[in-house]
Amino acid sequence: MKDITRERLSQITTATISYQLLKRGIRDVFMQGIVPLSPGGERLVGEAYTLRYIPVREDPSDLSALGSAANLARRAIEECPAGAILTVDARREVHCGTVGDILVTRLMVRGVAGVVTDGGVRDAEAVREIGLPVYSAGAAAPASPTLHMPVGLQEPISCGGVAVFPGDIIVADGDGCVVVPQALADSIAEDAAAQEEIESFIQKLVAAGRPVIGTYPPTDQIRAEYEVWLKDGSPEITE
Amino acid sequence: MKDITRERLSQITTATISYQLLKRGIRDVFMQGIVPLSPGGERLVGEAYTLRYIPVREDPSDLSALGSAANLARRAIEECPAGAILTVDARREVHCGTVGDILVTRLMVRGVAGVVTDGGVRDAEAVREIGLPVYSAGAAAPASPTLHMPVGLQEPISCGGVAVFPGDIIVADGDGCVVVPQALADSIAEDAAAQEEIESFIQKLVAAGRPVIGTYPPTDQIRAEYEVWLKDGSPEITE
Amino acid sequence: MKDITRERLSQITTATISYQLLKRGIRDVFMQGIVPLSPGGERLVGEAYTLRYIPVREDPSDLSALGSAANLARRAIEECPAGAILTVDARREVHCGTVGDILVTRLMVRGVAGVVTDGGVRDAEAVREIGLPVYSAGAAAPASPTLHMPVGLQEPISCGGVAVFPGDIIVADGDGCVVVPQALADSIAEDAAAQEEIESFIQKLVAAGRPVIGTYPPTDQIRAEYEVWLKDGSPEITE
Amino acid sequence: MKDITRERLSQITTATISYQLLKRGIRDVFMQGIVPLSPGGERLVGEAYTLRYIPVREDPSDLSALGSAANLARRAIEECPAGAILTVDARREVHCGTVGDILVTRLMVRGVAGVVTDGGVRDAEAVREIGLPVYSAGAAAPASPTLHMPVGLQEPISCGGVAVFPGDIIVADGDGCVVVPQALADSIAEDAAAQEEIESFIQKLVAAGRPVIGTYPPTDQIRAEYEVWLKDGSPEITE
Amino acid sequence: MKDITRERLSQITTATISYQLLKRGIRDVFMQGIVPLSPGGERLVGEAYTLRYIPVREDPSDLSALGSAANLARRAIEECPAGAILTVDARREVHCGTVGDILVTRLMVRGVAGVVTDGGVRDAEAVREIGLPVYSAGAAAPASPTLHMPVGLQEPISCGGVAVFPGDIIVADGDGCVVVPQALADSIAEDAAAQEEIESFIQKLVAAGRPVIGTYPPTDQIRAEYEVWLKDGSPEITE
Amino acid sequence: MKDITRERLSQITTATISYQLLKRGIRDVFMQGIVPLSPGGERLVGEAYTLRYIPVREDPSDLSALGSAANLARRAIEECPAGAILTVDARREVHCGTVGDILVTRLMVRGVAGVVTDGGVRDAEAVREIGLPVYSAGAAAPASPTLHMPVGLQEPISCGGVAVFPGDIIVADGDGCVVVPQALADSIAEDAAAQEEIESFIQKLVAAGRPVIGTYPPTDQIRAEYEVWLKDGSPEITE
């Protein structure tokens, strides 16, 4: 991801990004059932580093394996790159945690950007205080081995009902999480930034009394009006 | 709706209104899965102005139609009367938005009372700041054409699993939204106001140590006690 | 429940308790779909006093019976012991309330510790202000006779998808509610307290830069390190 | 249940019975998610004998207890009266069985009328061959202790989302299972039998070309026409 | 719909039609949760005539209105044209019927092609014997006024989660029901017929041992091979 | 899998196998929501060969890729070994197919034992006639690229809510599908065969009038009685 792309995406809403993706024919990239742990939702942008769980089975499951270097869930915590987002396929199973306060502390220390999981979060209160942006299916106290076994790192996964390939860009805000396919990130970021600029002009028009029909989405005439307004130094709008 | 009815309903909880409806044999008027966008829930009272969506189909769907005067979803924004509630049948589909910040700004400017939708809301953070009361199935960034096509205004609809006829009264608070059939609004408002008055007396009795059996719901004796207390100038209750 | 057990459990997270139960082979004790009424969740510990509802049927249902001494739902309010938790089997039906502000006031006055219900709560805003810890499936304005009939007190029940026997210990925090089988309460409390102590040491190590592999869950070496650190008077950890 | 009532109910569809209940204001008596094990569904009429399960918990669960005389699930098999229906509250949990071939054989030998469960059935193929009418949420191989513990016999229960009191009459056919409150059984049976007679006349009229408006449900004129037709010896109808 | 189109569509599977729609970018036209009433599923082709229900509300609901000429559900039975399909939006509510044996008899007499409903069917056994093709969400004995009120005829609706406009073509077989937008019917029918012809050739190749890679979907080479085979008089294929 | 194990497992019900797994502490191995395509369910035993799908995304999705040698879904058809079971992780998505008649023909020709998928099946009627045992979440006409992209072969997967490792043994009958961990297959097969033998004796006792308490599950006394009966040449049982 180019620096300018990361910068742009960190200031754009998921609503605008989703719209740009829809314009390119891509509908199914907004994660379902995943909400910010902190009310409002701290903004989060980064490349996906993926971890895949399958349902636990009592024969291979072993609590003592949790701390071992071979445990993929633990390796994910240590190997997810700084600036990336730990992205977890937990089969949308909300009834147990997939990360907790100690693991989130480690991710924070390592410079990881945040966590996106379609499973639960343990110690939700403590995790909220740590401050790392976490998006999940909700709080749940049971530890991950209650329902999960880790089986893969950096594989293509399903998360919140959408495809995530390692390296895809995830953007999250109060509305939730959207996946931007890696190859489209630069173009989406550019067009979305432009869209937000003109929409902020439209927002001003509408606040001043302009009807939405003929104004939003912008017609050619509105685009012309916008150019004039920009040239005029963006004067205050009262109608 | 008479002014006194609107005034009364704006001070009564949905819990009390639901109880009055239940006493009249009407059970299914509390919307399911619809919550306030702002924690706690700003109170909302108004007549329903309805908009009906069906699932999108790629052949008639066209993003460019969004801004056209013929688009029913846009006409709803411009035609919903001041004081009314834009009430949206989105088939309880929570995975895309049905209104966003620009549309809500326009509704606010036009004096619309609020929005009730069994679909999602885009730009949830921005919408929260605008301050218009919005009740929905939650935040979701994708725009409405991702999953919806508007097909009708001011038709009878299903919203949150209950029937809404244009002109029915909707009342909303922190518990959610209840539909008051238009023909019953005056009588419900009157009886509900009376119920809340005696219940506030009962609440004082219970806080002072009175058991609920024999007290709540009020027996004839409690009603008599209440009349005396009123006549006495509503003295403080300590037991 | 011994005093020391209650004291310990009131300071331990449901995450730690769930882990101790999992170590004993008990997986299904964390309630599903039950969240704190107040954001964050006030801690709650107590013995379960159970009330069981079945679906309402119009023939025996009678609103006037609500206030009668024979009504089991009302008896539950008056008979649930001080320090206990009113625990309600509402079949995970979220579309009507099971308690409201007057009943919660009475429970508060009577010294009951809190309410855990897999149904809804009426007058959610008012109940939040009363301050008694309430965990439920969410807010819903309709009164309980809309969907429920009470049929049993102090029976074994299902609540949030898990078994609850009268006298089991329920512990709740921001993550939700966990059931501790009565016979295991003392041992769980003791081991969980010890686990939290060493985990608070581990948390410090990790915050200071220690990787989680080899540290968490604690190996024998970490346990030894912990003993030394304790003996040393728990010095600040910087790595 | 009077003999005439049992006889009538064994020849009436659940559709007609549901309609008679609806006319008396009773809506919620048709079980949800319960289907006949044998395609088409063998008719079943009898008084409910109830068994209640709660979720399994590993601490009290013990496979060896299954065969003991104290096990309520086994006592239900031996104590359900001849002519009655074993009616099981399994919390609509479809992922394990609640009866299997050996238990159903025993029920058959004992003269029990059939089984209605909102859980699963094991050995579905073998049970189908035994021939005892079984209505359930579907086939599932795991034994009941996988997910259930029996906790009550002859209590009021929820089954398929509706209330069942011991002694209520259950009628089942290809559409599913309806609960007739004990006190209404005689009157429902009488009126339903009369309804089916006139509807069989209406069916003939409609098959011969009569429109449904003005014919079904029967108007006074249709009722008069029916009386004449009966008096005439029920001649063939061609229109 | 041209005669040739109806003829073609009556011999093509919904699988092939869905594939042709997908090739044109139309994904969401296969109804969800709707199955044939008769095992296997009798083929059904026709134009949609729509009926829309909303949830019942006790105040306007009145059983006696069922037989009146003003009742839209009854008008639908009398007005749905011969050769068309009565298509019902029942909000995917499976717990009550939307048609029963008498209404289906009338539809049969009137020459209606069949019924597609995302609600239930009453008297399922009797309806199966009548022989009119019916596709639904399953059997359910309660009459439609238990949960529904009819509010519209020949409106655009949602059925089984997909859009249906009056006049759209519905095709149904053992897999379920697919909606063909009216404007695409001729072209879909033509291409789908051609697809089925070459796939029947591919099926013979594969049955004779040809691998699917390079064969299915057909490459240019397979298409050439097919042309030769046709010219040769479609000889038996053994490999 | 030893020959004797395969032979035994092909004659044992999934009910008995599930019970043996439960006795070893393994609860979660029976697939949820997966039913036989043919009523009754043809028995199926084999080693799992796995294919994993994630949700489709419009950017990488390309119908023309379906026939290419690089397409994993097509490779699965050609590479699944004879005698094995093609086992598909389709995220329990029932609204599109994962195999259809041509692919199933190829699998049949190649000697594959059957298909187990937690997604749908296209051309269900045609697939039923081919005769290869198929277990799925039901019929659905849309092709797999409508909702899926293949991303992995022979990985550990989730199927029907349970873990499947490549090489695990799957057994299926009318009740559905159970996964036998590879390492336990021989021991499960042996013990399950023994269990079925004594249960067939118990079935005879119960059919002859023996109560289930004290008989089933077998006590030591029943086991002794069984040994005697075997020694006596398994005489007919009448009680």
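Some points to look at:
Each chain carries a letter (A, B, C, D, E and F) given by its place in the written order, and its residues are counted from 1.
Keep this in mind: a contact is a pair of C-beta atoms (placed from the backbone, for glycine too) under 8 Å apart; a residue touches a chain by one contact, two chains touch by 3 or more.
Bear in mind the structure is a predicted one, so any value in this text is a computation, not a measurement.
Different-residue interface: chain E and chain F share under half of the residue numbers found at their contact.
Summarising the inter-chain layout, the chain whose CA centre lies farthest from the centre of chain A is D.
Across A-F and A-C, it is A-C that has more C-beta pairs touching.
Using mean Cα coordinates as chain centres, the one most removed from chain F is B. As a whole-number value, the distance joining the C-alpha centres of chain C and chain D reads 38 Å. Centre to centre, using the average C-alpha position, chain D and chain F are separated by 31 Å.
Separating the centre of chain B from that of chain D, both taken as means of CA atoms, is a distance of 39 Å.
Between chain A and chain D the centroid-to-centroid distance comes to 49 Å (mean Cα coordinates, whole Å). Under the contact definition stated at the top, the residues of chain E that touch 2 or more other chains are 25, 27, 39. Contacting chain pairs (ordered by label): A-B, A-C, A-F, B-C, B-E, C-D, D-E, D-F, E-F.
For chain C in complex with chain A, the touching residues are 13-15, 17-19, 22-23, 27, 30, 32, 35, 39-41, 173-176, 178, 199, 202-203, 206-207, 209, 211-219. The residues of chain F lying in touch with chain A in their complex are 24-29, 54-60, 91, 149, 151-152, 155-158, 161-164, 179, 181, 183-184. The touching residues of chain E, counted against chain D in their complex, run 39, 63, 66-69, 71, 74-75, 77-78, 94-97, 100-103, 105-106, 109, 122-126, 138-143, 145-146.
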